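Look for subunit A in each of the two complexes below; its partner is subunit B in the first and subunit C in the second.
Entry: the complex of A and B
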């Protein structure tokens, strides 16, 4: 049994019971980060801060929001926006953060792809990250239902209809998900539950997994160099700080991280105060009407690329292509057959693959926003085919890659 | 050894109790998400067909869904193809297109253009003709026809009459 002595200080008292010194060492001062990194390595912390902003603003919105088909729209657009002091602030922070979080997630993802940070023991970091992407997507969708405007209603209609599986006609499944023939009260209340409880719980769990997955393989670096973290840490602790390839997570790495976070927050609050319009679709300021489809239905910008992969095909092929686009990124560590863990620009064909993928996703995003007519329809079709072909090609172009 | 087999038995016994509990709770959870009885029994809609005008689309409501009612002109009736006739609903000598007004692709409401006698869905560009049949993908089939029963000059939606049953059996609608 543990032996307790009379405490000499509050810290000592806590140390005897919670080992706070050990926790601090393991989590912060002796959690080692490579020095050879750049500002893109701060995106994880930027995401943590954005998630915190979503959580805090969400808590305040939750106090006035009413999940009822008759009052939801007015509780958002009247009560929160006009009656509640600073209600507009929470709503605009929540809306802007929900949009910007996806921008950062995409940057974070493509940084990982570029530097090969999904290989050699880092597969679980990638997989847990992609699960987080799925959870954030579900969170974004369920939250989009809550103001119960026209876009909420019709996005709810279209997305839940995806589950009928095209020719499978699983209408029973769609009605089960909605709890009604059309999105109505049961639908709104259950998506409210998902948005404020079940999915956030899943996200918190997945964040824990994502961080845990980092502990053993450690953070990657700009050259994909395999660092002996124990040896470098010893060197650092022995006093050779300049010669060591690693630094402490806190306060060394954190101080740089928070500097990037500071710049990000200035940009973020610029959007919140002066340019929040992009996160607030005008159509959603009309209350939901089940008998009138808006002229153009499009998702928020971060779903446009996968929406555009769904759109140009007949329903079954479209659903298969869409499902392919949703899961294929998860398989990246296994589709990339090359043992090289170096930046894409040193990997020959893979560099071209990377930039074509990035540009093509931007093209798909742009086409998804435009009406499905004429020229745009054809560009979207070609881009969607290119996306699928690129993924099918990946194992072959990486298989023959020269060892760097 | 004796301890191990006793532990093994206790493990299995707990496993059995947990499995029954898990299956039971999953069943309860599934049923809790089902549409409520009040939703399921949501009423029937009766349409008085004498009020509709030629080639003018009217949207009615049945179980929260829009129902398209289009009274066909003599010209439309005359030029109907076999597959268009199969979807035709005739009441008291007048011909109607009556269908659930949701695109069979992903459920948006297509708009009717009276001058070219066709529907266009703004969501993904699907098109339908005046009989509700599909003319351009992505929708996989024409508009679905709700269960209906003809009673004099009225139509009851939600109840399956002989004309509807025939359509369903011949695969005209789902």
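Entry: the complex of A and C
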């Protein structure tokens, strides 16, 4: 049995039981971060803060929300928006954060792709990151069902329909997912459960995994430099703070994280109070009506690119393309055959690949929202093909990349 | 090494803004027909032909005009002859009380309405000759004299008994212009009036039954039940609602909703009332927003200073 002595202070008492000093060292003061990173590396912390905002605002909403098809819309739009003090504020924070979190996730992902941060021991960071992306997508979708507005209902209808698998006609599966023939009470209650319990739990676990995966390989840096963390850390601890290539996570990098978070929050609250329309679709302020199909059904903006990969093709091919788009990003560390972990601009063809991919995703996003008519459907078709071709080409482009 | 952060920030911001532009303003522009406001000028209707005389107008409204055969005028001591649901059973909808129509509706519109209701209301497509249907409000065929003069007199009378514009609250404007067709449950409004609070459950149910009877007649008349407008300011937005009231046909061709004929000032009040229902906390949002902003900017400044201090030793 461990040996305990009379504690000399509360800290000592805790130390003997929880080793808080060690934890602090491992996670904060001697968790070494390269100095040559830019503000894009603060996006992880921005995501943590946004997730915290989602969690807190969600808990407040949960106190008044009623998961019942007859009262859900009213509980949100009357009780929360009108009756409860500051209910509107929590709802706007929650809605805007749910949308903005995806903007930051995409920036965070593309930072990883640009700097090659998914390679050489960082594969698990990438995979856990993609799992977080999937979990956040499910969280956003299930949350969108809850107000039981027109878009909740019809997006729920369209997306669950995908599971029939086109000509497979797996209608039984669709009914199993819905718990009914159409989205109704059983559907709402289970998405409520997913949204407030199961998926948040999964997200918390995945965030833990994501952080754990970061600890051993450390974060990458913006110059593709191989850093000997032990040597540089010694230098730092010996007092040569300026000469060392690394810094402590806390407070050194944390102070920069907080600076970026501060600027981000100014932007975030500007959206919450003055420009929330993009995050709270107007159509969803009409109560769900199974007899009235809205003129345009579209998912929230962050799903548009994958929706557009589904749409231009015939049902079966579309579903295959869609499934491809959902999983392909996870495989990036293995599809990229190049040994170089350097910024994309030094990687020849890969640089072109990167920028084309980014621009093409934006084009797909735009086409996913626009009605699929005339020129828009042609552009969407070409972009969807390009997306697939780009991924198929990636191993070949990177195989022949020169070592830098 | 040169600091690349400004360039990186510019790239991130530009790509985000392009995406925003495409999925928001641009997509909306493509998906929704843009209707310009006509500023409630009713330019398709002729101006009033003559100076009206309110006293003669009063006789016409009560007499040859036959308005009071269908409408109540509480301001002139003429209460409704029937309950709303019974009136709706005969006319499809309860003819509104005329006390304040002189201030709510535009005068050109009123004049045209009296002479040719289906025309002023822009619902002639529903009352064609082939359909054999007649608009439930009969057209005024003239009281023996110059019909334009007579119409002007009636309009002058209706204006003379109405409230002054500044005394019309958003609620009154809504109830007069929209309330006979559109419920607004978040403001406790039903098409037959504001729902009182009843002590006895059976009284409350009896009231609900009247509302249902009314809605049945309305549905039969309109072809569908006009929607509850509680949240419409958020689901449609101010610009849509405003141009829709001005001319429903311009937004939704063939719709059963009539052109209501309100003045620009009253349209604003109607919209104000819709905000009172669907966007109740708009003033609080502004003030809380300013306070939060100030707080966050101070936080950001402190964070910046802290970073500067910590990083001084790192270079």
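Heads up, the rule we're going with is that the second predicted complex is superposed on the first by the 404 of 404 C-alpha atoms of A that agree within 3 Å, B and C clash if a C-alpha of one lies under 4 Å from a C-alpha of the other, contacts with A are read in each partner's own complex, and residues count from 1 in each chain.
One rule holds for everything that comes next: contacts are C-beta pairs under 8 Å (C-beta built on N, C-alpha and C of every residue); 3 or more make two chains touch, one makes a residue touch a chain.
Bear in mind the structure is a predicted one, so any value in this text is a computation, not a measurement.
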Touching partner for A:296 - first (subunit B), second (subunit C), both, neither: both
First (subunit B), second (subunit C), both or neither touched by A:163: neither
Partner chain in contact with A:286 - subunit B first, subunit C second, else both or neither: second
Partner chain(s) touched by A:88 [first = subunit B, second = subunit C, both, neither]: second
Touched partner set for A:266, first subunit B, second subunit C, both or neither: second
First, second, both or neither for A:252, with subunit B first and subunit C second: second
Which superposed partner A:318 touches (first subunit B, second subunit C, both, neither): first
Subunit A residues touched - subunit C or subunit B, whichever exceeds: C
Touching partner for A:184 - first (subunit B), second (subunit C), both, neither: first
Partner chain in contact with A:377 - subunit B first, subunit C second, else both or neither: first
Contact residues of subunit A, present in both the subunit B and the subunit C interface: 295-296, 371
Complex interface listing, subunit A residues touching subunit B: 154, 157-158, 161-162, 166-167, 169, 175-182, 184, 186, 190, 290-297, 311, 313-316, 318, 371-373, 377
Residue ranges of subunit B in contact with subunit A within the complex: 30, 33-36, 39, 42, 59, 61, 63-66, 104-111, 122-125, 137-140, 174
Residues of subunit A defined as touching subunit C within the complex: 35-36, 38-40, 77-78, 81-82, 86, 88-89, 92, 103, 107, 222, 241-242, 247, 251-252, 255-256, 258-259, 261-263, 265-266, 269-270, 272-274, 277-278, 282-287, 295-296, 301, 304, 358, 362, 365-366, 369-371
Subunit C - residues contacting subunit A, complex: 1, 4-5, 8-9, 12, 15-16, 18-20, 22-24, 26-27, 30-31, 186, 227, 230-232, 234-237, 278, 280-281, 284-286, 288-289, 292-293, 296-297, 299-304, 306-307, 309-311, 313-315
